[in-house]
Every structure is written in C-alpha cells, then in structure tokens.
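Look for chain A in each of the two complexes below; its partner is chain B in the first and chain C in the second.
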Partner chain A sequence: MIGLRKSIFAMLAPGLGLIAVFILVPIALTVWLAFTKWSVQTPFSSATFIGLDNFREIFGSTSVGRDFKGAMINTALYSVLSIVLILPLSVVFGMLIHQAELKGANLLRTILFATYMVPMIAVALVFSKLYSPTEGPFNQILSWVGIGPQPWLSSPDTALVSIVLLNVWQQVGYFTILIIAGLTQIPTSIYEAARMDGARGPALFGYMTLPLLRRTLLFSAVIALINAVQVFEPVALITQGGPVGSTNVMTYHIRRVGIERAQGGLGSAMSVTLLLALVITVTAVFAFARREDRR
Partner chain B sequence: MNAQGRLPATGAGATGWRAFLYLLMIAIAVASAFPLVWMVLSSLKTPAEAMQTPPVWIPQTPSLDSYQKVADLISVGRSFMNSAVIAGITTAGILLTSLMAGFAFAKYRFRYREALFAITIATMFLPPIVTLIPLYRLVGSIGLNASLAGVIIPNLANAFGIFLMRQFIAGVPDELLEAARLDGASEFRILFRIVAPAVAPALAALALFAFVYHWNSYLWPLTVLQGNADNYPIVISLSRLLSYNRSAVNTGLVMAGATLAVLPPLILFVFLQRFFVRTITASGMTGQ
Partner chain C sequence: MTIRPLMGLFLGSAMAAFSSVAWAEDVTVSFLTHWPPETVAKLEAAAATYAKDHPGVKVEVRAVPFGDLLTTLRSQAGQAGGPTIAGIYDLWLPELARDKLVNAAPDANATDVKTNWPNGVATAASVGGTVYGYPNEIDVYALNYNKKLFEEAGIKEAPKTWDEFVAAAEKLTNKDKGQQGFGMINSWAAGVVHPFASLLASNGGALVVDGKPQLDSENAKETFALYEKLIQSGASVATMGTADANTTGPFLDNFVSGKTGMIIMANWWESALKAGMGDRFADVATAPIPVGPKGDGPHSISYSWMTVVSDGASDAEKKAAWDFLAWFNGPTSGENGASAMGDLLQSMGILPSRTSDVAAFADRLKTPFLSGYVDVLSEARPFPTVLGGQEFTESLQAQIEALQFGKTTAAEAAAAAQADAVSILEKAAQ
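And now, the complex of A and B:
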C-alpha cells in the first residue's frame, strides 16, 4: 500500500503543484499586496503595509476612484449585456440545430463554433474595420435598410455596445454547444408525454424545455460572466479604454494601473475587489437558483 | 424524435414554418461567417480598393501584396515558431498533468480528495487578471521574464483539464485496472497503456482546446514578454500592424495579418472539432 500512496502523490504532484504555485500562491499574494504600497518593479519584500488605504483610494472621489468605479460599472454593463444577448441567442440556435431536424444543421453548428477558435486579436482587428464609419460594411448594410450611419467605436454612447457585439459574435457558438449538450440530456420520453397531454409550441418550450435547461443556463451564465470580465484585446488594441473612458474595463484598467504604472498594491486592491464582486454575484445567483428549485 | 414541439402539427402552416426555419438558419450562418469572409476578401484588396466608399466587397484584382507587406513588417516565420512552441509545449504539459491528476481523482481513494478537488475546480472560475500582478513579479523573480519559458511554465496545468480527465477516466471500468494490477503493471503503466487510450477522444478534445487557447492567448504573453519582440507569438506581433490600422489604405495589410493568425487554429479545429463537440456533450460540464 505504501507503493500505491507514492503513486497517488506522484500523480497529483505535478498538476496540483503547478496550480498551487502559479494560481493559489498568487491569489494569496494579491490579497496581501492589496493592503500594501508596492511597486511591481521591486521585490515583494519591499511592500509596506498601509492598511485599507488602497481601498479608500479606489472607492474615493479622486481620479483613481473615479476611474476604478467607472471600470467596475463598464465591466458590469458589458457582462450583463453579453449575457442577455448570448443566452437567448444560444438557446434559439441550439434548438434550431438540435430539435428542428433541418438539413445542414451540423454545418451551421460548425460555422458557429468556428468563430470561437478565432484569436480575439483578429476579431478585434476585423471588427475595427467592419465598424469603420465610412469604409466599413456595417454602415453600408444599415444604409440599405434605411438606417443612418452609426459611430460604433468612435462614440462614448456606442463603443461599449460595439465591443459587446463582437464578443457575442465570437462566443455565441460555444454557448450554443453548451445548450445543445443540455438539450441532449433531456429524455425524449418527457416530450412525448407532454405532447400526449396536449402541450404544443410555446407551452412546451416554456413549461418543459426551459425548466429542464435551467442548470445548463445557470452554468452558461456563470461562464459567460467569467469570460466577459476577461475582455481585454479589443480595448487594449482599438479603444484604449476610450472614448472618454466608456470602454475602460476591469482587466484593462487593472493591468494599466498594476503593471504599466507599476502601482502593484493599488492594482491588487482592484483585483481583490473584482474577485469579491464575482464571488458575491455567483453565490447570489446560485442561492437564488436553489431557492427557485425548492419552490 | 419529431422536432420536439417546435412545429405546428401538419399542413400548410408547417411548411411555411419549416421554410422560415431554413431561412433563419441561413441568416445565422451568413452572419456568423461574414466577418471572416470579409477579412479574407479584404486581405486581397489593393490599397486603392480598400479606400473606396461605399466599400467594395469583392476585390476586382485580387493581389497577395498585403501578405508580402506583412512579412516585411513583422517576422512572420519567427512569430509562428514562437506560437507553435508556446501552444505546443503548453498543450503537452496540460495533457500530461491533467491525465495524471484526473486519474488520481477518479480512481484512488485518499484523504482530502474531495477538498483538493473542490479547490482545484474553484480555480477554473478565476479570471486571470486577479493573479496577473503578483504572477508577473513571481515569474520575474525566478528569472523567467521576457522568455518563452515564462510564458509556458505557469500554464502547464489547469483545472479544466483535470476536471475533464477525471470525468472521463471515472468511466473506465475498474476491472480493467485490477486485471492489469494482477499482471504486475505499475500504476503509471496502467495510466499510459490502459487509461489513456480509453479516453483518447477526450484527450484529443483537450488538446484542441488547450492548443487553440494558448495559440490565441494575448494578455499573459504580452505582460511577461515585456517588449522582447524576438519571443513574440503571432497574436502579439500582429498588434504591431495596429499603427497601420488608423488609415483605410492599410486595411488589406491588417486583414492579411489577421488571416495568417486565424488559419492555424481554424485548420486544427476542422480536424478535431468532432471530438470537441462530443466531449463537451458527454462531460457533464454543463451542470446537468
């Protein structure tokens, strides 16, 4: 049995060791550094404890606080918009592919999913051209249906939504696959029984499909949220957080403060705040879902 | 399985509805493919064509000049090599560490197993930005800044891979393992000779996922490479074309660069996608 215990340790050590060193230790460091003044260019030992000062600053009324709160709001907005667009679309696409028995459904699935393989940098570059107010095809297409030219990425009112749209385009195929996976788990017999009872169309969808997809939708929403928080390339490459801070999102902002401006302590306080916000949101969503389950 | 309730039962209504569904399907496919098709078409445009308003969609005199210009501006070969090294080694590492840890979690009983697994899974939901700042310093303090090793080593294991492997290895019958043990096979031999082949489709899916993810990865290499252009993967080299992005004259150039970066993951996807779809469906990772 000693040999077996050695084997267990040997099997776990590489994977869990790497995760411990490169994820768990950095989480602990982030939490500690959040309470310190520390330049990212200097060793960890140079960090000096300053209590809650970093948090006071990022929630304060100076420009640091304003920028951070702006980034929080932009990220929340970006995440909510992404989720409310991606989930319904992926349900429609998933049902179209999985349940409508159309010829070419698998081809559609492949095309949709292929966009998920495209590097975000390429997506950002291509969409920056598609969105171009004068030479871009989007405004041209809008003009065919009588809609005037949109400013897309160049106006503070539309820039964030424009980035949401390119994110939706890239990710919806992945979530469609998740929904299809959820649909395949629903036993056909349940549908047959429901139809026997006279359920049709919208009723069948509302009372059978959606409730049975609940767990899949919940999981998808959490993944979509985590993905949305990571938006970086389109902002870093195209908008640099602008115009007037309208696309300044958390990943971009934290990196700019913590790495580029080397304010490691301040950036870490922002990271900790982001992590707490995520943990609270996800916990609340699951708690809500569990309460609904009991009803 | 008859269309599970989406269709009216019979008659003319049903035909009209099906026609509508087909139109919808075509519209979705076109919308989905359009940006990539436009990217490739634009990469073949001449600067004069790229300037035209309203835009020309199909280049009249397709030319590969833009690709030549990309090659003049960035070292395409070297960048591809860096990308291949980063994505290749990282993927190999992930396959190995995931297979081993997934096997341990699936087939051994040991103290703290559930707790260790829960902690591992929790890291799956962690946005990388949360650990970016200390990780950057940590990797620097072990002397790996600006190197490919610094890009690769922190990513050699991840929770998703371990989770996926545990799910699939759990389905390998214990009798197979016991029989091999009676024959005197070591645990590692059992893992690589019996378990790994049994979960080969899931391994293929994980390989595709890991390779594409790390080929496309931008934030970490950008941060750790600190302007050392010799080690830039293609996605970061591409950002150098960005200074040409402001003017429409250079649309062809930028789109040619984007096309080059998109090709390897898409080609890999075409070959491996069937494993990927099947694996997501069977993994139970959708909360079912």
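And now, the complex of A and C:
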C-alpha cells in the first residue's frame, strides 16, 4: 500500500510541480506583494511590508481609489453588456445554422468563426477607422437613414459600448460554435415527443431547447465573463482608457499602475481584488445554477 | 572666444578619437526607441556608419509605439536581454534613477553633456547633479492655426491675449460645417496636460512650485475657467479631440482636414501635419501662446528627451553604449558640423538641443513653422520633473477631460486636481 502511494506521488509529482511553479508560486507572490510597497523596477527583496495599506488606498477616496473603483465599474459594465449581447446572439445564430435545411450553413459557420480568428490588433485598427466620427463608414451608413453622426469612441457616454460592440463582433462566432455543439447533444427523439404532444415554435424553443441548453449556456456565460474581465487590447490600442476614464478597465488600469507607474504593490493589490471578485462571481453563478438544477 | 566652446571642441574631438578605437570583443548594444519606421531607418544607417570604425560593436534598434515605450522600459530595463540604450522622456528620469535602472554617465560623457548643451537642458538630464544621459530633442508648445480658416473668418492676425483667443475661437466655429475654433486633446496624458500648462504659464502660473502643486491658484482657476468657457460656447468640441495610442486619431484628423481652426501643439508634430496635409501644410502658421489676464507674456511648456544607458547592462555593453552615444550626439557624426542625432531629429521637425546642432541648423530652423517655436523657446517653462510625475500628469488629465466633457465645473476641477496632486506628490516623495 505504501509502495502504491509512493508510486502515485512519484507519477503526480512532475505535473503538480509544474503547476506549483508556474501557477501557484506567481499567485502566492502576487498576494504577498499586495501587502508591500514595491517598485516593479527593483528586486523583490526591496519590497517592504505595509499591511493593508494598499487595499485601504484602492478603496479610499483619493485619485487611486477613485480610478480603481471606476475601472471596476467599467469592467463590470463591459462584462454584463458583453454577456447580455453575446449569448442571445449566439443562440440565434446557433439555431439558424443548426437547422439542417438551411442552405449555406457551413459557409455561415465559417464566416462567424473567422471573426474570432482575426488578430485583435487588426480588429482594433479597422474598428477605430469604422468608428471615426467624421470619416467613419458607421456614421455614413447612419446618415443614409437620417440618423446624425454619433461620437462612438470619442465620447465618455458611448466609448465603452463601442468597445463592447467590437468585442461582440469578434466573440459571437466562437460562442455560436459552442451553442451548436450544445444543440447537437439534444436528442432529436425529445423534440419528436414534444411535437407529438403539440409543442410548436416558441413553445418548443422555450420549454425544450433552452432548458436543455442550460449547461452549455452556463459554460458559455462563465467563459464570456472571464474573457470580458480580461479585456485589454482594444483599450490599449484604441482608447487608452479614455475619454474621461470611461474605457479604463481593470487589466489596463493594473498595467498603468503596476508597470507604467512602477507601483507594483498597488498593482498587485488590484490584481488580487480582481481575482477575488472573479472567483466570487463565478462561484455565485455556479451556485445559482446548482440551485436551479435541484428545483 | 571663451573657454567653454574651446573645451567643448576639445572634448568632442577627444570623444570622437576615443570612439574610433577598435573593440577587442564583439558587443551588441540594443537601442530602444519610439521613433517611426522612417526615423528608425536613419538611426540604423547611423549605426551602420559607426560600425565601420567599430567592427566589434553592433547597434541593434528596437522600436515600439510611443504608448508602449514606458511599459517596455519598466518591464525590460535592468533585465537580461533588456535594452542597453533607451530614449526616454525626462519626466521619467527621477524614478528610473531612484530605482537604479539607469547608469550614471562616466565622467568624460558627463563633462561632454555639461559643456556642449545649454545648462537647463543638461540639468533636465540629471538627478541630484549626476548626469544620466545625452539630451537630444527639445519640444516646446505654441499656437498652431489654419491661416485659410482665419482668412475666411475675417481674422487678421493670431490672438495675443485670452480675450482675442476666445473671440477668434468663436469666430472660427461653424457648427453647420462641423468646424470648431479651438481643438483640445483627450485620451493622451501629455497631449491634454501640456497645452493646459502652456496656457497656465502664460497666465503667470505654474503646475508645481518648489515641489508643491499650484492647481488651486487663481492663475490655474482662470485657466480651468477658460477651458469651461470655450466648451460651453461650443468653440471647442470635446468629441473632436480624441487621440489614439499612436497620438493620431480624430484630434489630428480634424486639424489636418480643416475642421479645427487652432490647436496648441509641439513642434515635433511637423512631420505628422506635413504627412496629413501635403501642400496644405503651407496654411499652418505658428504663434506664441495667448497671454492670460495675470500673465506677463507668452510662456509655453518645454520638455526634453534623452538617451540613457541601462545600469543592468554588462560593463562592456555600457562602455560601448556610452561611446556610441558620444559619437552619435557628437559634431563629427552628421553633416556640416551637426551630429547624426541632430540630422535625425531635424528630419522629424524636432528642435535639437546640442548647442553646435542649433548653430548647424540655423537656416533650417528659420522656416515659418519652426521659427515660431524657436522664438518662444527662450521664454518656455520646463515641465516639472518630479517623483510621481507620470501619475500627477494622468491625474490632472482626468480632471481636464472631465471639464472638457462637461462632467465637472472649472471650480470643481481645480479643487479636485489640487487635492489629487497634493496626495500623489506627497506619497511619491516618501
């Protein structure tokens, strides 16, 4: 028995060791740095322990706290808007493509997924021009239907939504593929039985398809949430957090504080807070889903 | 002839002679810059020229966008494989020196800088009296205006006072044409703060005095109020002023396409304006910053850039880097007594700072566009280089942008900017 345990440990050790070195150690290091004053330009040995000061500061009333809380709100808004738009759209596209009789379904699937494969740098460059207030095609198209020019990325009221739309455009194809995968898992016999019971159209969708897609939707929502929280490139490439901090999301703000301003301790405290917020949100989503399952 | 130019000549020759000594071992020096591709090509050509006399030394150029320069520097400086030489904005020097990321210039190079550059510029390249690099470009702000739009609006000459400035901005505004009188930048920290600081300096004020922020002074409050007035009257439209990570975007587009009558911008934009406007660049004129009610004359903000050497580089790399910089910034590397750095800066419309370069490019600096900048240089105020300077700038940017977009009033912006600045500078000084 002891020999078996030893061999199990020996077999697990390389994998666990790698996880420890490349995942657990960086996380532990970040947590430790969150309680220190440390310039990222200096060795770890120069970090000095300051207790909860960094956390007090990021939740305080100074510009540090204000900017951090603003970035948290922006990230939450970005995440919610992204999920609210991506999931219904991907279900619609997934249902359309999943219909066997739809001609060109494969082509549509390829086109939708292609947007996910385009590098963000290219997407950001193109969208920054599409959104251009004076020469951008979006405003030109709107003018054809009598809608005046929109400021898009140039106004604090619309910049974040504009970045969300860019994200939706890029991600919806990926989530459509996930939804299609979920739809293929639903046995056709269930639909046949439901039809025999008289279920049609919206009722079939609402009482059969959606409930049976719940696990896929839950997984998609969690992945969409994690992706949304990690948004960085479009902000760094197009808006730099502006105007008036309206697109200053957490990852960009942590980079600005931790790297540009070299305030490694503060940046680590922000990273730890973001991680905790994400863990709590995802756990809450799963707990909610589990409770629904029990019902 | 005083001893100073003679000493400079001697040092320049000595450094040049020293630089032609062959290196015993192969050394690769990497040079991090934010310059555009065409300028990088010129730097690579200069490095190739240097390599002819220094077969053991290879200078390798690494270019990143301006928005990524500081991040790249912070994350790579001092690391194995990090850049040996980096071009930096002088505002960043105090923190890089505090964290021992930049190498103090060897005595010969430090004397070279102190002898051949104006005192103020050499001081900006130093911390606590220690020289940390070779100053190169100097940038100063001035009022740029579109002469054609001025003519159309019946404005005879550039505004000299704030009253004339507001009146001109209102006359230049034409909502039907989507035309604004004065363009304010947003989403780019220095682009937002430097024009504001120039107007403040021309109203007799300053951002920081003796390490203490002065954003709640009457001079500053009036400057915030000027912004508020321009926004509320519609003479400046905030949504027309967005800049992107490459410092281009709608702000530049609107000026080059004739939808903005006036901007306050630095001389280094000459190449961007020429590229965007072509022949219409002739419509752009330069004038001093309009003077506010408390001002004693036009004063703009100046700042400089410099090249530093990584303290984490090997001794051989540091030696080669300082030698290359001495040659590159010296009077024998360029044309007609100019330095190769001076040639390169001039190709972008940037004012060189080395005394002999200014003399070598005297004719070039007389163009209508650049002469307007050269004229205001002597009265310019250097942007404060203090610990926490980057955070201070970004904090002020946030308040100015909030004012531009009507999210706060001038009085609230001044009070909040001052409170933030006090907190930031005190914390940084600890």
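In this text, the second predicted complex is superposed on the first by the 275 of 295 C-alpha atoms of A that agree within 3 Å, B and C clash if a C-alpha of one lies under 4 Å from a C-alpha of the other, contacts with A are read in each partner's own complex, and residues count from 1 in each chain.
Here is the rule we use: a residue touches a chain if its C-beta (ideal position, glycine included) is under 8 Å from a C-beta of that chain, and two chains touch if they have at least 3 such contacts.
From a predicted model like this one, the values you see are computed outputs, not experimental measurements.
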Looking at A:255, would you say it contacts chain B, chain C, both, or neither? Reply first, second, both or neither.
both
Determine, under the contact definition given at the top, whether A:127 touches first (chain B), second (chain C), both, or neither.
first
More chain A residues in contact [chain B versus chain C]
B
Check the residue A:135 against both partner chains and state whether it touches chain B (first), chain C (second), both, or neither.
both
So, A:55: does it touch chain B (first), chain C (second), both, or neither?
neither
Between chain B (first) and chain C (second), which, if any, makes contact with A:25: first, second, both or neither?
first
What is the contact status of A:243 with respect to chain B (first) and chain C (second): first, second, both, or neither?
second
Between chain B (first) and chain C (second), which does A:156 come into contact with in this model arrangement: first, second, both, or neither?
second
Note: overlapping chain A surface for chain B and chain C spans 40, 128, 132, 134-135, 236-238, 255, 259
Going by the contact rule at the top, pick out the chain C residues touching chain A in the complex.
67, 70-71, 74-75, 77-78, 95-96, 98-101, 178, 186-188, 238-242, 244-245, 249-250, 253-254, 257, 259, 390-391, 394-395, 398, 401-402, 404-405, 407, 419-420, 423-424
Show which residues of chain A lie in contact with chain C when the two form their complex.
39-42, 62-63, 67, 128, 132-135, 151, 153-156, 236-245, 255-256, 259-262
State the interface residues of chain A toward chain B in the complex, per the touch definition above.
4-5, 7-8, 10-12, 14-19, 22-27, 29-30, 33, 40, 43-44, 93, 95-96, 99-102, 104-105, 107-115, 117-123, 125-130, 132, 134-137, 140, 143, 169, 173, 177-178, 180-182, 184-185, 188, 191, 194-195, 199-201, 204-205, 208-209, 215-216, 218-220, 222, 226, 229-230, 232-233, 236-238, 250-251, 254-255, 258-259, 264, 267-268, 271-272, 274-275, 278, 282
Name, in rising order, each residue of chain B that touches chain A in their complex.
1-9, 18, 21-22, 24-25, 28-29, 31-33, 35-36, 38-39, 42, 50-55, 57, 96-98, 100-101, 103-105, 108, 110, 116, 119-120, 123, 125-138, 141, 153-159, 162, 186-188, 191, 212, 215-216, 218-219, 222-223, 235-236, 238-239, 241-242, 245, 248, 251, 254-255, 257-259, 261-262, 265-266, 268-269, 273, 276-277, 280-281, 285-288
